[in-house]
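Structures given as structure tokens follow.
In what follows, subunit A forms one complex with subunit B and a second complex with subunit C.
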Partner chain A sequence: MRHSFIAQNPSVLWFLLALSLFTLGVTVLSEAAGVAVISTSFVKTLGKTLCLCLIAVAMDVVWGYCGILSLGHFAFFGLGGYAIGMWLMYARTEAIVLDALAQQPLPPTPQEVSDAIGNQIFGVVGSSEFPWIWAFADTLYLQLLMIVVIPGLLALVFGWLAFRSRVTGVYLSILTQAMTLALSLYLFQNDSGLRGNNGLSGLQNIPGYEDTSQAVISIVFLWASALALGAGYVFFAWVVSGKMGSVIKGIRDNEARVRFLGYRVESYKLFIFTITAIVSAIAGALYYPQAGIINPGEIAPIASIYLAVWVAIGGRGRLYGAVIGAAFVSLLSSWFTGGGAPAVPLGFYTIQWTDWWLVLLGLSFVAVTLFFPKGIGGLFDYLVRKP
Partner chain B sequence: MMNTLLEVSGVSVTFDGFRAINNLSIQFAEAELRAIIGPNGAGKTTFMDIVTGKTKPDEGRVIWGERNISLLGLSESDIAIQGIGRKFQKPTVFEAQTVRQNLAMALKNPRSPFAVLMHKRTQANAARIDAIAEQIGLLDSLTRIAGELSHGQKQWLEIGMLLAQEPRLLLIDEPAAGMTAEEREKTTDILREAARTRAVVVVEHDMEFVRRLGCKVTVLHEGAVLAEGSLDSVTANQKVIDVYLGREHA
Partner chain C sequence: MIRLLFLAAALCLTLPGPSHAQSLQNLLQTHADEVLKPGRRSVGVVLDDLVSSGLPQAVPFLEAWRDREIVQRDADGRFFRSADDTLFDLETGEVLGPAESDALTQSRPNGGVRRAIGDALVQFQLSDPDITKRRAAVDAIARSMDASQLTPLRMSIEAEPDTALKATKTRLAGMLAARFGKTPEARIDAIGGLAGDLSVDVRAVLNTILATTGDVAETLPDDVNLARLLQPGIDLTEAEAYRQLVANDLAPPPIPAHAIRAALSSNIVDGFVGGLAVHTLDTDENRMTAYRALAQAGEVPPLVTAQDQAAALASHVFYQAYDEPDIRITDAARAALDAIETRVAFSQAADLALDALSLASIYFLAAIGLAITFGVMGVINMAHGEFIMMGAYTGFVVQLFVPDYTLSILIALPLAFAVTFGAGVAMERLVIRHLYHRPLETLLATFGLSIALQQLAKNIFGTQARPLTSPGWLDGALVFNDVIAISYIRIAIFVLALIFLGVILYVLKRTRLGLEVRAVTQNPGMAASMGINPDRINMLTFGLGSGIAGIAGVAIGLYAKVTSEMGADYIVQSFMTVVVGGVGNVWGTLAGASLIGFLQKGIEWLNPSNTLAAQTYMILFIILFIQFRPKGIVALKGRAAAD
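After this line comes the complex of A and B, so read on.
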């Protein structure tokens, strides 16, 4: 019944069309195409924005559709980033080390190679030992698997514990904040095995593609991000359009009633929580190679709160609303905080947007919550009136 | 006497020292229509909460079906899967969704997340939904958003959702509250029809409504059974008269 799914959700086609046009447009205007209307660093910003849109879509499903206000989904995003970052850093350091050791008269033993890589990576935290969590870092496909396995398991265990004891509402939100805070604090420690507050860096250099320019790499990641966003969007649109959508919206609106219909509410919540966590992790794994660096600050509780703000401003309970919110607010945010916005002189005081942007964002959030509960996406209701 | 479907025996519940249900014993047979009446606070809703797993009793037994399963250890959803459907005092339908979606969600089908995710619309299901919608008089409203329905229609939709679950026992809490005389009449018809193939237990205040149901009546008072029998016999019962009149003159 794929046919009826698309027929019932024309917005999915419109979205895919818009996404394709956007990606193509950016590509032909990029440095890689020789035009350079859009700088490579801005291509990366746009590619990262697509990843943020993807996690926002996941957030919308878990919050807007299922009613679970998770304030911890950026933890999964960050874990996805760390997982891919481990391979990127390992493989690149290995290449450098092998290069350096090749000058020596005697060929290096595997132990020497391993020690040298360990020294390079963990020297900053005063260690050269490989922690056990790096066990798979030398094998790309295993580490790719870790992108979904680790965050998926964390979500499964956390969700199972929380939902089973029927923690709901604001208590659940606080619990998810505690989870992301705990993870972030743990990663800040030097002996966490992930280089403490240094995090993982140099992630923009893709091992094996040292000779490929960043201009080209940025376009490849733009496409990969667009593909992931498109696939994630279609997948979630399918999930929420059918009977599953009915049940999770029912859980959002009246959880007890759904129970009396014979649905095990906890299983549904766990299912939605876990698949959205996995998609968030995939988004993170595409984001951080474009950002170049990941550190524990990325998993700070505030990041997940921003995510909720994007979705609220974009319009919750509609997937394109989440995309609009994430794109709009995150791009605006980098414009304001990056010094792009001109300061406003008031005579007695000058508004510097780098300081005042958060205030503006907070006020917008309050205004949207109070006056436009449907968010920016709600504007489409005026354009497309259903007969 | 037909087989016992549900047997509640010696059940007590205390809320903050107040005994809402006091050593209550009550039984229902397969395919029986039963009215439960009693003054406000008699424990009628709490009785339903116990049977459906919302409230755990302090003591007593709740035994279900021919295999004598104890319902006390089961969750709300598992009790529903066992075949007990419940209508709440306030109409609770999913207001953001259409009448069809409400009924489709209730329709007896596999309930696991995976089965629901892979669920496909079928002719058979559509026909069942149509039949139920016809029965509750909402056939023309299948595509309407449930939140737009009138109060009476919401009550019927909720009854329709119960029928869609195909339960063996239906617990219905004050279905006629807020209904017009005409709507009440229709509601009794729906309930009588439903009780031909399953047990239906109706809590109601309105004596006229109960009279129209024309079934055995149980009077609850202070969390226990005060009297049981035909409507005429219980209304002639001196203890029942005292309770009702006593309340009214208090």
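After this line comes the complex of A and C, so read on.
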């Protein structure tokens, strides 16, 4: 079985090889290895890009393979980030608070410690009490579990409601967009228990490793992201191949026909929706410690639409296409908006790319949809002649 | 004082009295001592005489006196006004020359005297021939009500020639009587007269009468006008209740946690405190034990335990008593206030409904174009919001060239339609036509256009908000009473929405184009075989939908600011409207817009401090609503319903 899976999906091996070479290459050239060809901040950018590639792969499975255009997967990404961010923030604040309280003549009571931490974290939104959603924030393994459980449950309930009443097509897209909008609006409130629009910050400082340099931490997270991407890729490649993969692609192409053949279409869709939501959350949990800060703006509907843009430009219906699209567009985007691209003087007007990049992206997106529905990944079809 | 008031009343009837023959200077000379060194008691005589004299110079004299500008010349004892080192005659007001302060003594009335002068001035002003002065006097009374103002105000009502001001005076007199009437019966009568009035100041008067003070006692005293009993833990927190006990010396103050910690830290001896090792004091229990030990040794004040506090709370009565001792008056005021508040609640509901209606008409305008294109072509246009923005910017550009606001709006409306109609047709020809069989990709392609257009607008017009000024006749608001009011712009938008509803219904139901549009909506293949060109219909429908978005943009721009992101603010609401209402149906969109508009205002009313929460709950409601009516309120049959 293992043999046939690889044989069916030669791209998996190529992908894993490329990913390993990339990770090793970055590690060797990083500041942590002493060469410092690649700066620590760029290593972080690359690590974050790998996480974006992972959520793009998940998006590709749910959209390119199952035909559900979800415009809400960044909500799960953000929830994953919030879940790990809660522990990071709690544990770090706890260490600081315990240090401060140790200076006092009396040993602190548990209540005093909790009050002081609450004050530190929630002072910015005018509160000092721990909301109930922070109940597990003091225990790493429970909070790690939350990364999977919370977005998984949300996706399960939302998907169950939506698929059960046979909401499909653009309706479903709008509904998922509404979901992520509702979530981000909710988190923007100060009394949401997650610090409102301040979000969670200081996530790049890993509790217990305060003395380790960011150069080393960035490499560790790069490896973790690469590992997650590799594992996610193999997992999804396995999901979309074989009999189950055929059913899923059948649902994409003609849902009614698959249903008439006796398959429980809703269950398949729910499974795909939930599992991709969980993988998105894992990607988010790896992304935000590298980004250092998470706030509700991150899960605004526009982010999820960009995710669809990456996957479309990279090429739907092929997992490496999603990876290429996410990496290509997000790196290009940071190059253009970061002022890296040279301005184009036209004599009467100078094109500043920070102003014109979005115009270019939007128009090239239209062009890709119109003329290259297979995206960048479609170019590989010319290289590999299929029998 | 009473005599003075009656004299003021006599004055307001401007009876020419015999005292007119007297001059102001003579009058002042008879009271020279009181004028020069006025006291709170002695000033009354002077004021009485001044008022009864009916002299026209009395008012400027009083003003000058209040402002400490009256001086006495030491040489002959005559009084003058001195301002800016210049001496003025009191009778004629003419300049007499420079004021030499060595030869003059200034009259310096103290605060109390100046207040008495001010009161006398109010009486003059209430009957002043100049209506602006009378208004100012009435306003001054309304700002700071006082028992002394009631009688002069009442006296001035009858002779008041201006009907509006007369009504204001009567109302104000009613409020004054409710608070300061002489007998309880008079006050109850006055309170009853206020019951029909919704205004804020009447409610403030009633609330002042009903002001309460919280108090605590071991048993409830008989002589208080009880408002209500308070239950610690329900009506007020136990901590507050105990604080009240402490403030009234009915219980010992509790020892707060930080005081316990401080007491323990300052009593550490050789690593032990109160018989316990310091390192064991990391629980509240151990800290209490240690503190008790210290208290027994007399080192610190004794602990007030939770049981002590509960016992203290249980053995006392907490209550709120009216400041007004007469229960008949408070009962009448309570009844009047309840009646007013019921009416205020009804008015607020009406006001809320008006707000919701105007919000619904905005959503309708924003969404109807989207609904038509979606219904006919099965295409969701993510760039719809950008067409709204385009229309608003068209209005802004027109106003740059046409300075007259009425004219510019009249030009902007059709021009915005033309511009967005053209943009819509171009978009349909260039992009959407190629994607008819891939609806999800239309969504993405139009989204690509949306971000490009948005950024383009940002590049052209900048990031700051641009104004779209409405014509002057749309300023202001239609005010029904103190609670219900709606701005004319919102009425205009409502009317515009109504017009559009009519026009669209007419186009769809009564014209050849409408017939063809409906045919293509129901079955494009069959329509094509009947000789209808679906391509042309699709193009025109898309243009129509986009054109309406442009007009909606002008309307929205009039009451909100024009920014490059304004379309994005409305696009999600428009989607919701379409999805809830059901696609491709004008009535469905109307129903969807009304539902969302009323729902949003309703939720905002329930939770007024938090509009973010209102939006969250509304979206949750819509997600649930879709569960029960997946195709919207008015479900469509035909092509759009097939997928």
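The criterion applied here is as follows: the second predicted complex is superposed on the first by the 386 of 387 C-alpha atoms of A that agree within 3 Å, B and C clash if a C-alpha of one lies under 4 Å from a C-alpha of the other, contacts with A are read in each partner's own complex, and residues count from 1 in each chain.
The definition used in the following text is that a contact is a pair of C-beta atoms (placed from the backbone, for glycine too) under 8 Å apart; a residue touches a chain by one contact, two chains touch by 3 or more.
Predicted, not measured: the structure shown is a model, and the values here were computed from it.
Participant: Looking at the overlay, what does A:S39 touch: subunit B (first), subunit C (second), both, or neither?
Facilitator: neither
Participant: Touching A:S173, do we find subunit B (first), subunit C (second), both, or neither?
Facilitator: A:S173: touches subunit C, not subunit B.
Participant: A:P108 in the overlay: touching subunit B, subunit C, both, or neither? Say first, second, both or neither.
Facilitator: A:P108 contacts subunit C only, not subunit B.
Participant: Should A:S213 be classified as contacting the first partner (subunit B), the second (subunit C), both, or neither?
Facilitator: So A:S213 meets neither subunit B nor subunit C here.
Participant: Just to be sure I read the superposition right, which of the two partners does A:V359 touch: subunit B = first, subunit C = second, or both, or neither?
Facilitator: second
Participant: Which of the two partners, first being subunit B and second being subunit C, lies in contact with A:S20: first, second, both, or neither?
Facilitator: Touch status of A:S20: no partner.
Participant: For subunit A, which side has the bigger count of touched residues, subunit B or subunit C?
Facilitator: C
Participant: In the superposed arrangement, does A:D253 touch subunit B (first), subunit C (second), both or neither?
Facilitator: A:D253: touches subunit B, not subunit C.
Participant: Based on the superposed arrangement, let me know which partner A:R264 touches: subunit B (first), subunit C (second), both, or neither?
Facilitator: In the superposed model, A:R264 contacts subunit B only, not subunit C.
Participant: Would you check which partner chain A:M244 touches, where first means subunit B only, second means subunit C only, and both and neither mean what they say?
Facilitator: The first partner, subunit B, only.
Participant: Can you give me the overlap between the subunit B contact set and the subunit C contact set on subunit A?
Facilitator: none
Participant: Tell me, which parts of subunit A touch subunit C in their complex?
Facilitator: It is residues 67, 69, 104-111, 158, 161-162, 164-171, 173-175, 177-179, 181-182, 185-186, 188-189, 301, 305, 308-309, 312, 355-359, 361-366, 369-370, 373 of subunit A that touch subunit C.
Participant: Would you mind writing out the residues of subunit C in touch with subunit A in their complex?
Facilitator: 261, 264-265, 268, 278-279, 281-284, 287, 374, 380, 431, 434-435, 438-441, 443-445, 447-456, 458-459, 572, 575-576, 579, 610, 612-613, 615-616, 619-620, 622-624, 626-628, 630, 643
Participant: In the complex formed with subunit A, which residues of subunit B make contact?
Facilitator: 52, 54, 75-78, 80-81, 85-86, 88, 92, 94-97, 101, 104-106, 111-113, 116-117, 119-121, 161, 165
Participant: Inside the complex, what are the residues of subunit A that reach subunit B?
Facilitator: 1, 4, 239, 242-244, 246-247, 249-250, 253-254, 256-265, 267-268, 271
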